[in-house]
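Read from first to last, the chains carry the letters A, B, C, D, E, F, G and H; within each, the first residue is number 1.
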Amino acid sequence: MNELVHPYHCFIRPTVTHTTFCPGCGDGTVAQSILRAIDGLGMDMDDFVFVSGIGCAAWIPSPFFNADVLHTTHGRPIAFAFGIKMGLPDKKVMVVSGDGDLVAIGGNHLIQNARRNIEMTVICVNNGIYGMTGGQAAPTTPMGVKTTTTPYGTFENFFEDISGLVIAAGASFVARWTTAHPRQLTNSIKKAIQKKGFAFIEVLSQCPVQFGRKMGTGNAVQMLEDYKKRSISIKEAKKLSPEELRDRIVVGEFVDLDKPEMVEEVTRMIRRASGEVQEVVDAGRG
Amino acid sequence: MGRTEILIGGVGGQGVVLSGILLGTAASLYDGKQAVQTQSYSSELRGGSARAEVIISEDRITDPEVRRADILILMAEDAVGRYLNKIKPKGLLVIDADLVKGVTSGDYDILAIPATSIADKEMNNIIVANLIILGALIKKTKLLSVESMEKAIEASVPKKAKDLNLKAFRRGLELS
Amino acid sequence: MDTLRIYDELCKGVEECGICIYVCKEEVFRPSETLNQKGYRPPVIVNEDLCTQCENCMIFCPDLAVVVSEKKRKKGSK
Amino acid sequence: MDEKRVHTGRYFMMGNVACAEGALAAGCEFAAGYPITPATEIANHLAEKLPRVGGAFFQMEDEISSIAAVIGASWAGKKAMTVTSGPGISLMLENIGFAIGVETPCVIVNVQRGAPTTGMPTIGIQGDMVQAKHGSHGDYEIIALCPSSPQEMFDHTVIAFNYAERYRTPVFLLSDAFVGHMREEVVIPEAEKIETVYRNIPEPGTDPLKVKGFLDEDVAPMPIFGKGFKAHVTSSCHDEYGKRNLIDISALDKFVRRLSNKILKHKEEITLVERDYEDAEIVLVSYGGVSRAAAAAASQARKRGIPVGTLRLITVWPFPGEEIEKMARKTKQVIVLENNLGQVYPYIKAEAAHFAEVSFLPPKLVGEIQDPEDILKKIEEVSK
Amino acid sequence: MDEKRVHTGRYFMMGNVACAEGALAAGCEFAAGYPITPATEIANHLAEKLPRVGGAFFQMEDEISSIAAVIGASWAGKKAMTVTSGPGISLMLENIGFAIGVETPCVIVNVQRGAPTTGMPTIGIQGDMVQAKHGSHGDYEIIALCPSSPQEMFDHTVIAFNYAERYRTPVFLLSDAFVGHMREEVVIPEAEKIETVYRNIPEPGTDPLKVKGFLDEDVAPMPIFGKGFKAHVTSSCHDEYGKRNLIDISALDKFVRRLSNKILKHKEEITLVERDYEDAEIVLVSYGGVSRAAAAAASQARKRGIPVGTLRLITVWPFPGEEIEKMARKTKQVIVLENNLGQVYPYIKAEAAHFAEVSFLPPKLVGEIQDPEDILKKIEEVSK
Amino acid sequence: MNELVHPYHCFIRPTVTHTTFCPGCGDGTVAQSILRAIDGLGMDMDDFVFVSGIGCAAWIPSPFFNADVLHTTHGRPIAFAFGIKMGLPDKKVMVVSGDGDLVAIGGNHLIQNARRNIEMTVICVNNGIYGMTGGQAAPTTPMGVKTTTTPYGTFENFFEDISGLVIAAGASFVARWTTAHPRQLTNSIKKAIQKKGFAFIEVLSQCPVQFGRKMGTGNAVQMLEDYKKRSISIKEAKKLSPEELRDRIVVGEFVDLDKPEMVEEVTRMIRRASGEVQEVVDAGRG
Amino acid sequence: MDTLRIYDELCKGVEECGICIYVCKEEVFRPSETLNQKGYRPPVIVNEDLCTQCENCMIFCPDLAVVVSEKKRKKGSK
Amino acid sequence: MGRTEILIGGVGGQGVVLSGILLGTAASLYDGKQAVQTQSYSSELRGGSARAEVIISEDRITDPEVRRADILILMAEDAVGRYLNKIKPKGLLVIDADLVKGVTSGDYDILAIPATSIADKEMNNIIVANLIILGALIKKTKLLSVESMEKAIEASVPKKAKDLNLKAFRRGLELS
């Protein structure tokens, strides 16, 4: 019998037998891309604390990843992650959650922490829909799409560029990929993990069940195909006019800059205040 | 017939709740009976647990919960451990024989239907395994009239799926 | 041969998923005749010798149900 | 009421859908919410039906903005509602307090789910009963109704809108996943048989300086926006004219008491109960879905010759203490049943304990309403 | 405890500042909050003092993120707190439920202010008493302490941290603007005289699969992050190992009951009261600032020969029903005093009404604690 | 005796005798600029509904303006305004509030409604501080400033360009001025009122008491002087390098574009759904 | 003369505010000797004839305490 | 002396609360007495209402509210309507005569001090009017020792304002 074991098996919580996702859901591909990045950096799951909100994407780390995982309330993972990072400045804190979680209800925590430029990695799985609750419109659902709460088509302008919003808010690393780009995605995640600052990665991910099937954009494979067709690199995109870019997905790393990082700034403040060199917020016991 | 309590257990995507709705609708709207249908399911949309309860009665139904199932329909292995203890002594246990293997015999009748494989092979769509089971159940128990059930199917499933569902239900009628 | 493996019971089926088949450029897989315990139809390996170990199937499979041998895989190389 | 709003007929309908139909029939014009299990079907149904009568359902960015938008729409003169479940209510509480403070008619549907916290979303419990009354900071009175069937999801939604408009206050419909997802026969009557109430507004053209739009225990006319009333609407402590006062304790006292008294003064009209305890020595007190199990148990007990009655609270808030006392004076044993660990129990006991023995029967499993068999056992126990 | 944290001495200190000093003395390492009257002085003082001992106060974007950050920091192993007032609590409630659900030690200070809604920010009332217990959706138990002086703002903050750590749960300090802004003598003892408690954590190196980190009625050791426990922390219904279960009602039942029982089982240790009702025929029951007026009235009444006693609840939640019953059994008349419209009153009455006459004396003006003169009048009235 | 009456006296609630602001506070200047815009457009106070949150700036319309005014909870005015606008599509809805209110706790409602492009005017009075609660740091407080909650200086990156954030979120009109530019401000407010879409105006405004006095940047006059000195028009700013722009305040109208407006889109949806031409959400009674 | 008026009781004082004086390029104002009822020191008009009716003082005054005559002011003109 | 209740009413920015703190600190830390000081103020930072209460006693203070003021200090006209009814019969009413005009005589002593104009003219800063009033009050009532008050001032006001505050307090001592 074949003894091949999945290389990331060791990163998965032993008590988990299956992913919780629907057949063909992109969330599993994102999960694997994250694990591959961690493996690729030669890091251990114990170097991380994962934080997620509520939604299908939020179940990527919870309970799947064999690590410290905080599965929080809907929309708030970044706010919880803030406290974790301040308490454990030496750990990598990674937030994995959906577009509804991070950009609808959680939008404020996203922009405020991008502003703060606190070191953490935020992976926003953008499937353009509320998957877990049954296919309602998200702020990322294109205009005119019929969802369960918009049976006559959505009538709101949508966030066509959440990466752009996060850049405007002040993040120091921002990239966008789709589940048709797992290798590139993994590379960007690696960079994000190493970034001293707020690193945001938007992944367009197929939800074949609530988006594809209901909205008639097809099954998992058709959706992947569509991602491939519509994607265009930043470099190429720059050559095109806004009209030509319509419906295209610009992928790549948009921003990678250096600016003051919040944990370091806090450390400095505490040094100033206490008049001595002392361990940051990590001063007490535990 | 006084009060019949039916419990259906399976996983999300198998049409467990639809089965409950069909029984309830047929009883309530077309068979002159009283019916209450309730349900619960876990958050996973596909593959998570799903349960439907139906109570059918000639009289007004006060207590709306299934306490001891006269009829227990199990459509997934997971459901066995969860619900088998809910069956009434001498009750009827209906299983999808393709997916439910771990049922030992007990103080109940078993109606085992290879619904998924019939649906797969004959209808090319395993999604209608539940209708096959309903057909077999109705045939065996005469709980509701076939006409009421067919009316309920026509009223409840999307138009384009109607024929397939009716076909599966009728296939089930041949099975027990 | 230690090149490829499919964990049937993890697979969620080629009808609704089928990503492995789609991303494999070498037609290594085809749908299985039988369903797994959950009622899903996994892929089966039919042309293992065509496999270039490009790892697409493994990297894309959302259920971590496909494994490609380590020959080309090295820690930190992806 | 508009024919197109009332879908007269007999249905095998889900409680949540019946709630949406009730809202339509009551004249709801504006709904805003945020998706959450087990309330989504109400939103979905409203999203489909409201536009057909010129309204709309708006999916907001969260629950905080949902209730805010509802309050805004209500001040714009619309009958408005929101639908959610426990986590959503927990987020809305600051603005629910606001709605109370500025006396805004609106309906809040809470399809309660397995809790605390994220809990178990598809299981119904009666876990948010006291939250409805005390969830927002400060003292206030609220109206809350507890349906026990899809039919009542329809009926009580209509009543909720009527109470909201009549008393110019938020009204809770406290359903749960069990009742919300329950399907049963629902009969929607003809349009003309459905009573609908509209808020009082000041006489058009009244001098804005003369509009006493707040803090009247007999419900001040609502100086809705867009009519030239130049309403100053602030949830800061204010007087009858809406004028802010942030320093005089006597102003605060008036503000707090009048808001409460507005509801308490009309408690009798607001209180709906089902009494069936003539000559009963044991009375089962319950509400919502549990009351159906209580009714089943009482009827079985009577068959066995034990004089058991029932008192079902339809209106849980304002708390019908007088009804409880009246009942307790007539009986010996009161058994309280709730699908929780005993939330309304202390309120019942406070009114009854002086007159009767009061005990609580929790569900065997929280999330599953009491088995009539178990209730019978308890009855036998206390009747010894 | 670190000397630098304990500023031993005698002060004329504001209650809010004393609270911040108490937090320092108790070992607080992380504080997050959002400015709000009348709690700002606590934040300001923490912002100044925490960095000197290596911690920090973080001003977040709102109250929701404040409590979230506190919970995150607590899971990172820190003693953590937040400070706010009613409107802030109303926003925190979803996440307070989360903290309860995943058993997170933290301290929440609510300096209560004129309410409902925006109300009157600088006036102290006891308006959020039941909110602390029932504000978040679902059934749960919470611990809440009510200080009545600046000295107690210090002392009770230390106790709050100790309870939070010992029982792995959020603990409320329910102060109000009156006590928070009150200045009085405060004596901070020497560091070694201050007892501080730290949470239990699992044995380092325990096999993660063997860590039973949740739902133990005797308080499970907390598998804090960063120690290799690979903790799965979810507020969804889960088992002792943290494993999520979203379908089995029996799992929900266990989840709900164990969380509650964890507190109820230790109620006796948690309950702090001040009893002074030997041979009293009338007992005044109160808490917080009001209890000082009650004490003044009782002593005057005794001077006049009326046997009046007092029972002061320091721990208001878990509700010390046994203490109430014990008292009620010994007396004839119970008069409840609160600076609100009677929030805890039903809970007291439920336990006492079987044994004694129970009545409520509201403040003459909500926001102003009862005048001992008025209390005396009430005493004379009931003693007739 | 001189009979001169203030031209905007008639716009002020008769029961109000004084502004509630501290001496020299810019909020009064902003208030007057708004009234001047309304007057300048020949509009009436009854054409408006004003909405504000909590804070000093939120007291600009409440109770000062003699109009329908909803003084809401902290951070939520835009969300309330959403419901008002949907219910009264023919009225002008104007939100006036502070930077803490709109950009800290209310940040999400700001970006979501900018995205929706719902017609309303939002005036954000940016004094770089929490005035009303006594001088705490805001997300707009420059780094290093000592406030009551940051006695050792703020240690967070701040929103240097909230206008830019709102543009990234999708607003169709965005401008920035200071209280040293009341005439230009009035002009932009006029345009904003007339805009079919989400119009956002940021006004830098002096808080001499909590900012100036405590942080040592001086009194009202010194702060106005500072605004004047630091301000630079967009046109001029384009000629300068980022270094040269440091500490400068770029003022002017940044964006004025046409895109689908939400109330109109909803109206269209309802027409589609109801299969007839019918009054929007304004269908019912009232 | 109907050119300028200061509503003393609305003014919050030239010490802490003083914006009118600052924005007037013509030195029309100086601080009053006396305080108003609230204890603030309003400006007084000392050189009314120098006034160009530029309206700066009116437009900037945060307390709407200064009025400039309507001569140059017209509805819709600002 | 048993229990003395003092109520100070004025507007924000006048140092009403500081006055209360100084009395309380002096009594509690330097004069061997018990003291409770409480306060409330509206949200406007400047010009809104402000109130401070101080109770000074030889014995433990249970009831911490001022019920009937032995000493009522009014520093603004607005405060008259609000607090005048709080004064005890035969109590002492202290007013800033520059700002409080509408006080009619009643069953109380009046101590009227032109504190604001003295502060304006002699100290060039009206902000210390409150200290002048405190000086006059202490002089008249001997409620607390001058030394304790001066210690309290030194301990409570920012260093750079210390001299001005002490000067104003001492000027007040000359006034009654």
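Descriptive notes on the structure:
Just so it is clear, a contact is a pair of C-beta atoms (placed from the backbone, for glycine too) under 8 Å apart; a residue touches a chain by one contact, two chains touch by 3 or more.
Computed from a predicted structure; not experimentally measured.
Shared contact partners of chain A and chain H, listed by label: D, E, F. Among all pairs of chains, D-E has the largest number of C-beta pairs in contact. Chain centres here are Cα averages; for chain A and chain C they lie 26 Å apart. Separating the CA-averaged centres of chain C and chain G is a span of 82 Å.
One simple way to say how far apart two chains are is to compare their mean CA positions; for chain A and chain F this gives 32 Å.
Separation between the centroids of chain B and chain G, computed from CA atoms only, is 84 Å.
Each of the following residues of chain H touches two or more other chains: 40-44, 46-48. Residue positions 37, 51, 61-62, 64, 87, 94, 98, 102, 117-118, 121-123, 234-236, 246-247, 368 of chain D each touch two or more of the other chains. In chain G, 12 are the positions where the chain touches two or more neighbouring chains simultaneously. Taken pair by pair, the chains that touch are A-B, A-C, A-D, A-E, A-F, B-C, B-D, B-E, D-E, D-F, D-H, E-F, E-H, F-G, F-H, G-H. By the touch criterion given at the top, residues 40-44, 48-49, 51, 82 of chain H touch chain D in their complex.
The touching residues of chain F, when paired with chain G in their complex, are 2-9, 12, 18-19, 21-29, 31-33, 36, 39-42, 179, 182-183, 186, 208, 219-221, 224-225.
Looking at the complex, you find that chain E touches chain A at residues 27, 29-30, 32, 51-56, 58, 60-62, 64-65, 68-80, 94-95, 98, 102, 198, 201, 208-209, 224-226, 228-236, 241-244.
The touching residues of chain D, counted against chain E in their complex, run 64, 85-87, 89-91, 93-94, 97-98, 100-102, 112, 114-123, 125, 127-128, 130-131, 133-140, 234-237, 245-247, 249-253, 255-257, 259-260, 340-341, 343, 345-347, 349-350, 353-354, 365-368. Partner chain C is touched in their complex by these residues of chain B: 11, 47, 77, 98-99, 116-117, 120, 126.
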